[in-house]
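Consider the two complexes below, in which chain A is the common component and chain B and chain C are the respective partners.
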Partner chain A sequence: MSSPATDRRVVFDNVSKFYGEVLGINRVSLSVPPGITGLVGPNGSGKTTLMNLLVGLLQPTRGSVRVLGIDADHPEELFRHVGYATQYDGFPPGFTGFQFIESYLRIHGFDRTEAEALTWKSIERVGLVEAAGRKVAGYSKGMRQRIKLAQAIAHQPSVLVLDEPLNGLDPMARAEVIALFRELADGGLHVIVSSHILHEVDLISDQVVLLNGGYVVAEGAISGVRDEMEEEHPAQVLIRCNRPSLLASRVFEQDHVVEARIHEDGKGLLVRTRDADKFYLLLNQVVLDNDLTVETVMPTDSDVNAVYQYLIVGQGEKP
Partner chain B sequence: MSEMVSQSTSTGTSSGNVRIAARGTTWSLRRRQVLAVVRLELRKSYFGSRGAALFLLAAMPLAIPVLMLIARAFRGVDGDTAEITTVFAGLYQYFILHFVLFLGCVLVFGNVMRREVLDRTLHYYFLTPLRRELLVAAKYATGVAVTAAVFCTSTLATFLFMYLPESGGSRFIFQGPGFGHLAAYLLVTVLGCIGYGAMFLAFGSFMRSPIVPALALFGWEFLHAFLPPLLKQVSVLHYLLALCPVPLSQGPLAILSDAPSPWLAIPGLLILSGALVAVSAWRARKMEVAYEED
Partner chain C sequence: MAVYERSYGRYTGPATSEWSRFLVLPRYAYEVVFKSKLFVGFLALCFAPPFFALLVIYLYHNVSALQLIGLTPQKLAEIFPISNSFFFYGMWIQGALSFLLVFFVGPALVSPDLRNNGLPLYLSRPFTRTEYVLGKMSVLVILLSAITWVPGMLLLLLQGYLEGAGWLARNWRISFGVLVGSWVWIVYLSLFALAVSAWMKWKPVARLSLALLFFVLMGFGGAISGILNTRWGLTLSPWHVIGAVWVSLFGLEPGELLPPAGACWVALAGGCLIFLWLLSRRIRAYEVVR
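Up next is the complex of A and B:
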């Protein structure tokens, strides 16, 4: 059932997809708000399946998918609002970059003038103006990625789905594309991005969905996901200060601190705690009481990479 | 009354929302979308190198009147129109209809959806706000328009090349029954494109490769003269041959049956084609894009 709140979200309601006997995803329930959402998981974890279900290229075996309140099997309504750059590297034969985008915009119903204007606008946004008149078949991998991105944003959708959009991009193009995602998300779009480059997902995502073996193993803002894991995987914080031994003696008195280890160079303390908030309050107190000089306070396992390691790779190992 | 729709999308930018719209009545929007599909199909499937096989196939019948002209030039005798009429009827029914048009339709319609899957481009269509049923109908209509234009031109050119060089040829066409014959052949060609097109569209929609069912259908159509009357009725050729202006003997082993009247043959073929296109459209509605399996 849709409501004004869910009508602004991308909602998966208990969705399963099986390819015959093979599991694609199982019992996925998600409610994705605007902003950048990173889909993270190893190969075969179900990222592409999830995205293809979202846009109706696949149909769920069970459950339902609604995008901004629109059922995924109503393309005539859905694709006024959704753009999707897939991983598939196919293009209509013989087309230039401009013709490729303009032709499919005409199928959206835009007249020639509108379609051409929108095509140029999207090509400019991905920095391919000079190559627009060349055949796509002659493009490099990075250029093909960018022309697919331009095609996905050309009709100015409110939900943008991007399957591994950073693959094949050089560092400069990568930075430009990430800035474009941020600009779109800041304007209120849903930008759903899958990537296996964890530090980039961490850098760009407002929230993440971690997938493994077809199941969602965690979702939400990285910090929230990490906080929920503190009982099983205590948070690690490195404090560079002038008197780490003193700090160690104070933090050891606390129940939530499970480990405090002086750094090899003697100028820092690595603390593992089950309640990071309490620890930071304590740290403030210790600094004030003892006039400690603190150089840095750095969480060492609060990023998506650590979460990924804990939940998917190491199953409990330290990152 | 037409429903007024505004196909609008919006995106935010740092400077505020930008709204764009493809507006019009439902019908005008759909008309624009269908025309866009037709344009795209023509550009990528027929006017490029992929169209070459079709045009080559359509040019094959022209070789026959050219060879006949050369032979007659050597013999130095003129053919009579009655003989040419029989030769053309045989050429049309056994070569153009049985082979050229059939193979052309396999080539075009068997690949309407299949080629998109092999090229990994089908998703671009499926990610537009266009009903998939309409997409299939538009692709089919483009195929019919192209094959009908190509094979009608081929039939017309072959017909003219056979008759016009002969002394009584132009009189036969313009003052005799020739024009009526030509019109009938062109009508059969168009109906053949519609009928075979719908059949191969359906094969291409349901089968991983349309080649096997196409070969089976080729065998069925080839043997149609020897089929019992009831089974003849499920042959496209049965209806098409009934519309041809010059009946030919099917051979001593053929099983004779009453030819259907044009009033039955034409609507019957159109209804069957419509049903097959509808089934293909339904299939497209349920179709999933999973190129990895192909």
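Up next is the complex of A and C:
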């Protein structure tokens, strides 16, 4: 069912995809808002299948996918809204960076003048103007990633789907590309990014989708996902202060605190709690009542890496 | 929230017509193909037979020029009679050159895209698998047309013009043979090359496979015919099959060696269907890794 709200989202409705007997994804229901969405999961978890379904390269075995209210029955319209950069270097041989982008724009249906203008615009956006006339085969890994990104944004899509876009980028290029994602997302674009680099997904994503074995195991903002896991995996908080023993005695009286351990260096306390919000309120009170000097308060397992470890690797502790 | 500001503007301008987009593929493919000096030299060589035929037609109608080389029109007509067999042999030579041209160009068309996982980039656009195959096929179709039916028809027009008095109408079967015979061979060869290119990811292997398949089928068909003393074995040989089709199209005597034309049409159609099936199995945006 389409509505103005769902028309601005990417919606998977009970989607399954099987390749013969091989499971791609199973019973996936998602509603992805604009902004940056990180797809996280181990190899074979279904990330690429999910992306291929989203961009219309695959048809679901069951269920339906709607991208901004458009379903796969209207591929011409769907493909105009979607920009895709695969994890592979699928460059036609002999092409320069400029030709690579321009040729796909012509396939999209842009006339020569418009295609050239859009090509330069996207090349400029990824900072490859000087290399545009060189053959892509001679590009470095980082340049290849950027030219792939340029071809994905060149036709000005509304949904950008990027499979491992940060692989091979040096720190400077990473920062630039992440800034570009942010800029596009802030403008209202859906930027859907898969990555194995968890701390970067955490850094850039407004929400994440965690996949494992073809199933979605969690979705939403990382903080929300982490909060829902507090019962099974109590939140860990490291407090660096001048009297960790005193703090330990006070907080351990609370039901929601399951563990309070003095840090190895004796200058901090590691607390595990099933209710982080209550704990922070308690911490404020204890600090004020006992005149403690607190240097830092740092959640140690509230990032996507910890969520990944708990939900997917199943080790129970952050490495 | 900033992400809902929707300041980002999607392109909403006009688009080119859908039917013409597949022509983007040959445009870029030619840039690569024509960089090879060997190929350019070979392509030039492909125009030598039509040029020779042009010379014969010209001399046939220019007695003074003939006399310069010590020939008479009657003598020339004995050596090269301008008839359906003249154009048939022209087709035969150009047909063989067509295979060599496909051998040069065909294997490089699909295999690099498959090797580099480039298909998702094409197919995540308003561009279908059929259009992709059409685009790649048009690279060969345009080149093969340039050395088969285009010069053939130009020569026929020249002959018709110089001969006058309804020569073209009387010999409509030659035009029919040149046009239909060329197109059948072009489509068959193009699909053959694309199918091989789609299944062999490495260009040299694809090239070798194309040649091997063509000559193995030819040899196998010949062996069956020889051992079993039948013409039917040659329906496996693409070269004999197209030869029989051309003979029937030009209205020539088929002889005893070639298989029946009807069976050859079926063999060509069957071959094309197999090539299309092979292409449909490989030209996909994804590959299942088991």
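Operating definition for what follows: the second predicted complex is superposed on the first by the 314 of 319 C-alpha atoms of A that agree within 3 Å, B and C clash if a C-alpha of one lies under 4 Å from a C-alpha of the other, contacts with A are read in each partner's own complex, and residues count from 1 in each chain.
Just so we're on the same page, contacts are C-beta pairs under 8 Å (C-beta built on N, C-alpha and C of every residue); 3 or more make two chains touch, one makes a residue touch a chain.
Computed from a predicted structure; not experimentally measured.
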{"item": "Chain A as common anchor, with chain B and chain C clashing or fitting", "value": "clash"}
{"item": "First, second, both or neither for A:59, with chain B first and chain C second", "value": "first"}
{"item": "Chain B versus chain C as contact partner of A:261, first or second or both or neither", "value": "neither"}
{"item": "Contacts of A:20 with chain B and chain C, given as first, second, both or neither", "value": "second"}
{"item": "Partner chain(s) touched by A:110 [first = chain B, second = chain C, both, neither]", "value": "both"}
{"item": "A:206 touches, of chain B and chain C: first, second, both or neither?", "value": "second"}
{"item": "Chain B versus chain C as contact partner of A:35, first or second or both or neither", "value": "second"}
{"item": "Chain B versus chain C as contact partner of A:134, first or second or both or neither", "value": "neither"}
{"item": "Chain C region in steric overlap with chain B, selected from 205-213, 223-231 or 259-267", "value": "259-267"}
{"item": "Doubly contacted residues of chain A, that is, touched by chain B and again by chain C", "value": "19, 52, 55-58, 75-76, 79-82, 84, 86, 88-95, 99, 103-104, 106-111, 114, 118, 151, 155-158, 184, 186-189"}
{"item": "In the complex with chain A, residue positions of chain C that touch it", "value": "2-11, 13-18, 21, 24, 27-28, 31-32, 35, 108, 112-113, 116-128, 285-286, 288, 290"}
{"item": "Chain A-facing residues of chain B, complex", "value": "7-14, 17-18, 20, 22, 24, 29, 32-33, 35-37, 39-40, 43-44, 48-50, 119-121, 123-132, 286, 288-291"}
{"item": "Contact footprint of chain C on chain A as seen in their complex", "value": "19-20, 22, 33-35, 48, 52, 55-58, 75-76, 79-82, 84, 86, 88-95, 99, 103-104, 106-111, 114, 118, 151, 155-158, 184-189, 206"}
{"item": "Parts of chain A lying in touch with chain B, wherever the complex brings them together", "value": "19, 52, 55-59, 75-84, 86, 88-95, 99, 103-104, 106-111, 114, 118, 151, 153, 155-158, 183-184, 186-189"}
